[in-house]
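Paired with subunit B in one complex and with subunit C in the other, subunit A is shared by the two complexes that follow.
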Partner chain A sequence: METDSRKDAIVLAGVTRLYRSGSRLLTARQKTIRALDEVDLNIPPGCIFGLVGESGSGKTTAARLMVRLEKPDSGTVSVLGRDMAGLHGKHLRRFRRKIQMIFQDPYQSLNPYQSVISIVSEPLSLRRQMTKDQRLDKVLETLALVGLDPPSTYLHRYPHQLSGGQRQRVAIARAMVLDPQVLIADEPTSMLDASIAVQIYRLMLKIQHRSKVTMVFITHNLAAANYLCDHIAVIYRGRILEIGPSGSVINSPCHPYTQALLDALPRFGHIWKERRFDTMLDEPRSDIPQNGCVFYSRCSKAEYSTCRRQPVLKSAGRDHKAACFLI
Partner chain B sequence: MKNTEIAMTRNRPYWRQALDENWRRLRRNPTGRSGLILLLIFALMAASSFIPPLISPIYNPMHGVDPHISHTTGPSLRHWLGTDFIGRDIFSQLLAGARVAFMVGITAAFMSVVLGVAIGILAGYAGGWADTVLMRLADMIMVMPTLLVVLMAAALFGQLSIWTIVAMIALFRWPGVSRVIRARILSLKQRPFIEAARIAGASHLRIMTRHLLPNVLPLALLYMTFRVTSAIIIEAALAFLGFGDPTTVSWGMMLQWVWKTGHMFQAPYWLLPPGICISLLTLSFYMLARAMDEILDPRLRRRGES
Partner chain C sequence: MQSLLEVKDLTVSYTTPAGKILAVDRVSFQLEAGRSLGLVGESGSGKSTIGTAILGLLADNARVETGAIVFEGHNLLEADQETLRRLRWKKISMIFQAAMNALNPIMPVGDQIVEAIRVHEPEVPLTAARQRVADLFRQVGIPARRLRDYPHQYSGGMRQRAIIAMALACNPRVIIADEPTTALDVIVQDRILKTIIRLQDRFDIGILLISHDISVTAEVCHQIGVMYAGQLVEIGTKEEILTTPAHPYTRALLEAHITLSNDRQPAPVPGPAADLHRLPEGCRFHGRCRRPDANCRRQTPSWHSLSATHKVLCREAESNGN
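Then we have the complex of A and B:
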């Protein structure tokens, strides 16, 4: 993706985020976990961008950095051309309306003491630019958009009176009511049944189609990413291993880790041509080099002599890059 | 449907539903029900405390002296529980004492819980040095024995009015509340709905008052009930030791009069009623609080109960 970085909706430049685990007076050793390690990422506007990785790979950390729930330890996060680190107080609150987020767990992301109308209209009432009637119109319109129909019957319900899918729709409505330019969805379906998840995917496609919002879709499911996304980045232990247009990444994966993720997808019948890469080792290697490839310990193709260094992203096709020595 | 009509067809708010349901559970809980019944009796006593002085000025609990009696007498038709050492009616004193106990207990508990909740939310939400400073302050106050501090204040500044005593109890009893509230806030503030509010552009003040406060209110109510008990006991002890407000009739004050005039073993009709009342009223608030605790904490709920 060689695009002008100023036009990109979200730019991560050399972003590192460390988590330090409890160093107290008496526990001498401090453990540092690199949630994100020198990540560069450009997300073009108006597309659905998939960030795929297993748990602990740093994908949620990336999302939290983009909405500035956290700050990077080094590097810069710019959204819509603004460096998020430079925003404080009122400016931050104002800017945040353009970047909204949907959380993983719809049972935790809605305040149990707020009704649907108060949840969805809260972002609007903070803006103080609309009359009460205008706000109500906007809330009803947004509820209809997310498929809570008829919207007026949901207004005065409370989260505990809604199903998981309905709650997630309310959460999407809360995010969309401000007409944001960027929407970050952090595994929005991981707590939902598969059939509900498909409905949510369709809803997100519909919303993106209608509002042209830049969407970052974070998931551990390559199939879902393939269904939704225009571009996919595969992340593992805080490093981006493969990035490219989703068709290209899914049909011709270059990185052994992406291949392993595709192997891991359940197959029923033969929708796709049967293909296996067998790149994932059952037993992790023990001779892990310092600062080597992060996937070395589980990669069946790796050789110590080549993989002991850190691979950089190399071109592997049109707009398609992978960080592996084997391509 | 027009918008105005939609706004009209509202459900009952969640807190109302929760309150109704918990109230039902409370009445079904045996401890809670006994506590409520006892409390109701005392509330009736407090409410009827203004009746005796209306019947005749000799029933005024503070100034009403029966002209025919100049010493303590036992129960009679004219004075149901007898009279004290200058001929004041003990029964009307008992009623007035109930009113004072409620007043002291509830206002002191309310003030200390308001203070404790505010400080707890602030400390838990702000974190960092604000949390450290506020919690160290709480620790320091928590280890001070309230009764002793108020006694010393009374010794230093002379007689304290009942409202000064209430304020001092509130001032020294908030740390326990704020510790509990802070702990709850620490877990609540990690919940995504708080982060969602931040992303929506809510200010810290709004998050604290609109999102965190409603979620800790049930807990605050529980602690208020526990605090009522301790406030009543502290006030009674203070009055019994002779440092109460001499212008109000409280049960502790009545006990002090019994003791000071040397009737501890001569006038059981005078000694026992205020003593029993203090025990029963604190017991009823305590039982109520225990039952609320059981309802609010599902782990304490016995099996088979919904």
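Then we have the complex of A and C:
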């Protein structure tokens, strides 16, 4: 992977994001969650980048930092060469048009009282110089791009008059109408059935091919990430545990956690049909070291004397790295 | 041998502002003890309607038009509400997708299951009920020390396993699991499917597993039934459905599935989803089928047996001489 961070579309450098849970009044009971823990991540431009991990691993937190819905507690997030922390007010609003996000649940992310034309043309209201006709043309063109064809028949429909897959297409159209340079898709198909999910993935591939937008695809499913992405980063408890080209991560997974994610996929169409890595314990360990490997409590390969320290990302092949002492 | 549960020629309609639709149209299948049947098909194909019909929980605007649901020799469709209420939980229990949000937030999880047992089996003493819940927790893989915790202290996967424990609490004969792992991550899904497989072997329960994900049913089920536009269009053993699928829709579903193998590019099922308000003449799938002939557009297909366990509702099987 290109590691020239000036050229990278998105760079996370030493990013930590903490959440405090529990009652605010009873400070003693407050627990701090490290949603992201000193994450370094370089996402090259014009690729589809997969961020993969189980529920609670920090994927959405990373996405929210990239679109600056949140700020890191420490470290820097740069997108398209700009440090997001330095952007405020008008500059932030203008810059944000270049970075769009689509969400898991199109049922919730679309306003039920807005028609398709008003949903998709809304972002264009920021473009003062466009005439009404130009805006309509842009909406029609974008609807056609996302496969809502013929576009004119969708303009006056409301979300409840669309299927789940069509709704997600509308959400993608709204994100694409300003020709963004970065598109972040947070589990965009988890509410959809397999056939509709494939349609959405194909659409994302088509859009990426045409517009060279940098995409970040968030999922817990390595098979979906492998289908869509050029690179994959596996994240667990706020740490990147393995990263590399999709082919190497899937065909020669190095980290016990990546191996556990592969084990967990249904056997149908699985490439590791015969082999199970069996790297994940059913019962977590209790002798957890203070600053050890984040996977220690569930890792079947762990040894206290080694894994009580924190492993760093080490080379495990061409452009391929993993953070485990076994490597 | 008599089946544990038999659905015979079931037709269920919904009355909607746009007219009446047949969400389930003449569906028949059997479920044996200790075996599981997976029902797959795209969204809106009628899977959940079958599940709710078995449980006697159909919506107010639904009506059973034809058929019978026979459980232990009795037609559930003729049973009164009181009998059905007693059967649910004790004999036929359920696990729904959103079930993990159905736990009472202000009561320890263990106590909720103890209470469920005491409501349905008042004769069971408290200590025995507690013991049973502790055993169930071990079965579904939740440490016994978590019995006293409240639902918010559980992860999503643990809550779903607690729901499975609750479904098992009264030793049911049949479990209907409607999308039990949808919206859970792959790690948790794998745990839950393994739990279901283990319990089915151990307790000799018949399981109806409803899912839009064919790989999930393949993981758990002995038999798979494929639904399209309210009809069952193919049913067979897992091996038959995966390796010699006969209905063009089943084949398309398998091709749409994204897997790790790179030798095969997934392709969506062509064409728009079926619209129950405007069903075509002839075979309901003909507009989306790769190889329809003129007869498919005119004649309704009939069932063809491909083996003792495998049958398909398609004319192509007929023309192949099967």
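Everything below uses one rule, namely that the second predicted complex is superposed on the first by the 315 of 327 C-alpha atoms of A that agree within 3 Å, B and C clash if a C-alpha of one lies under 4 Å from a C-alpha of the other, contacts with A are read in each partner's own complex, and residues count from 1 in each chain.
Criterion: a contact is a pair of C-beta atoms (placed from the backbone, for glycine too) under 8 Å apart; a residue touches a chain by one contact, two chains touch by 3 or more.
All values reported here derive from a predicted model rather than from experimental measurement.
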- [ ] Kindly say whether there is room for both subunit B and subunit C on subunit A in the superposition, answering fit or clash.
- [x] fit
TODO: Could you look at A:Gly164 and tell me whether it touches subunit B, subunit C, both or neither (first, second, both, neither)?
DONE: second
Task: subunit B versus subunit C as contact partner of A:Asn111, first or second or both or neither - done: first
- [ ] Go through the superposed model and pick first if A:Met280 touches only subunit B, second if only subunit C, both, or neither.
- [x] second
- [ ] Name the contact category of A:Val312: first (subunit B only), second (subunit C only), both, or neither.
- [x] neither
Open item on the list: Just checking: does A:Val67 make contact with subunit B only, subunit C only, both, or neither of them? Give me first, second, both or neither.
Closed with: first
- [ ] Figure out whether A:Ala264 sits in contact with subunit B (first) or subunit C (second), or with both, or with neither.
- [x] second
- [ ] For A:Glu122, decide between first (touching subunit B), second (touching subunit C), both and neither.
- [x] first
- [ ] Considering only the touch criterion stated at the top, classify A:His156 as touching first (subunit B), second (subunit C), both, or neither.
- [x] first
- [ ] May I ask you to decide whether A:Ala197 touches subunit B, subunit C, both, or neither, giving the answer as first, second, both or neither?
- [x] second
Task: Closest approach of subunit C to subunit B (Cα atoms, Å) - done: 7
TODO: Enumerate the residues of subunit A that count as touching subunit B in its complex and touching subunit C in the other.
DONE: none
TODO: Would you tell me which residues of subunit A are touching subunit C in their complex?
DONE: 54-56, 163-164, 190-199, 201-202, 220-224, 226-227, 250, 260-272, 280, 282-283
Open item on the list: Touching residues of subunit B toward subunit A in the complex: what are they?
Closed with: 1, 3, 6-7, 9-11, 13-15, 17, 191-193, 195-203, 206, 211, 214-215
Task: subunit A residues touching subunit B - in the complex, by the definition given at the top - done: 67, 69, 93-94, 96-97, 99-101, 103-105, 108-115, 122-123, 126-127, 133, 136-137, 140, 152, 155-158, 160, 171, 174, 178
Task: subunit A partner contacts - residues on subunit C that touch it in the complex - done: 42-43, 141, 143, 155-157, 183-190, 193, 212-216, 218-219, 242, 252-253, 256-262, 264, 266-269, 273
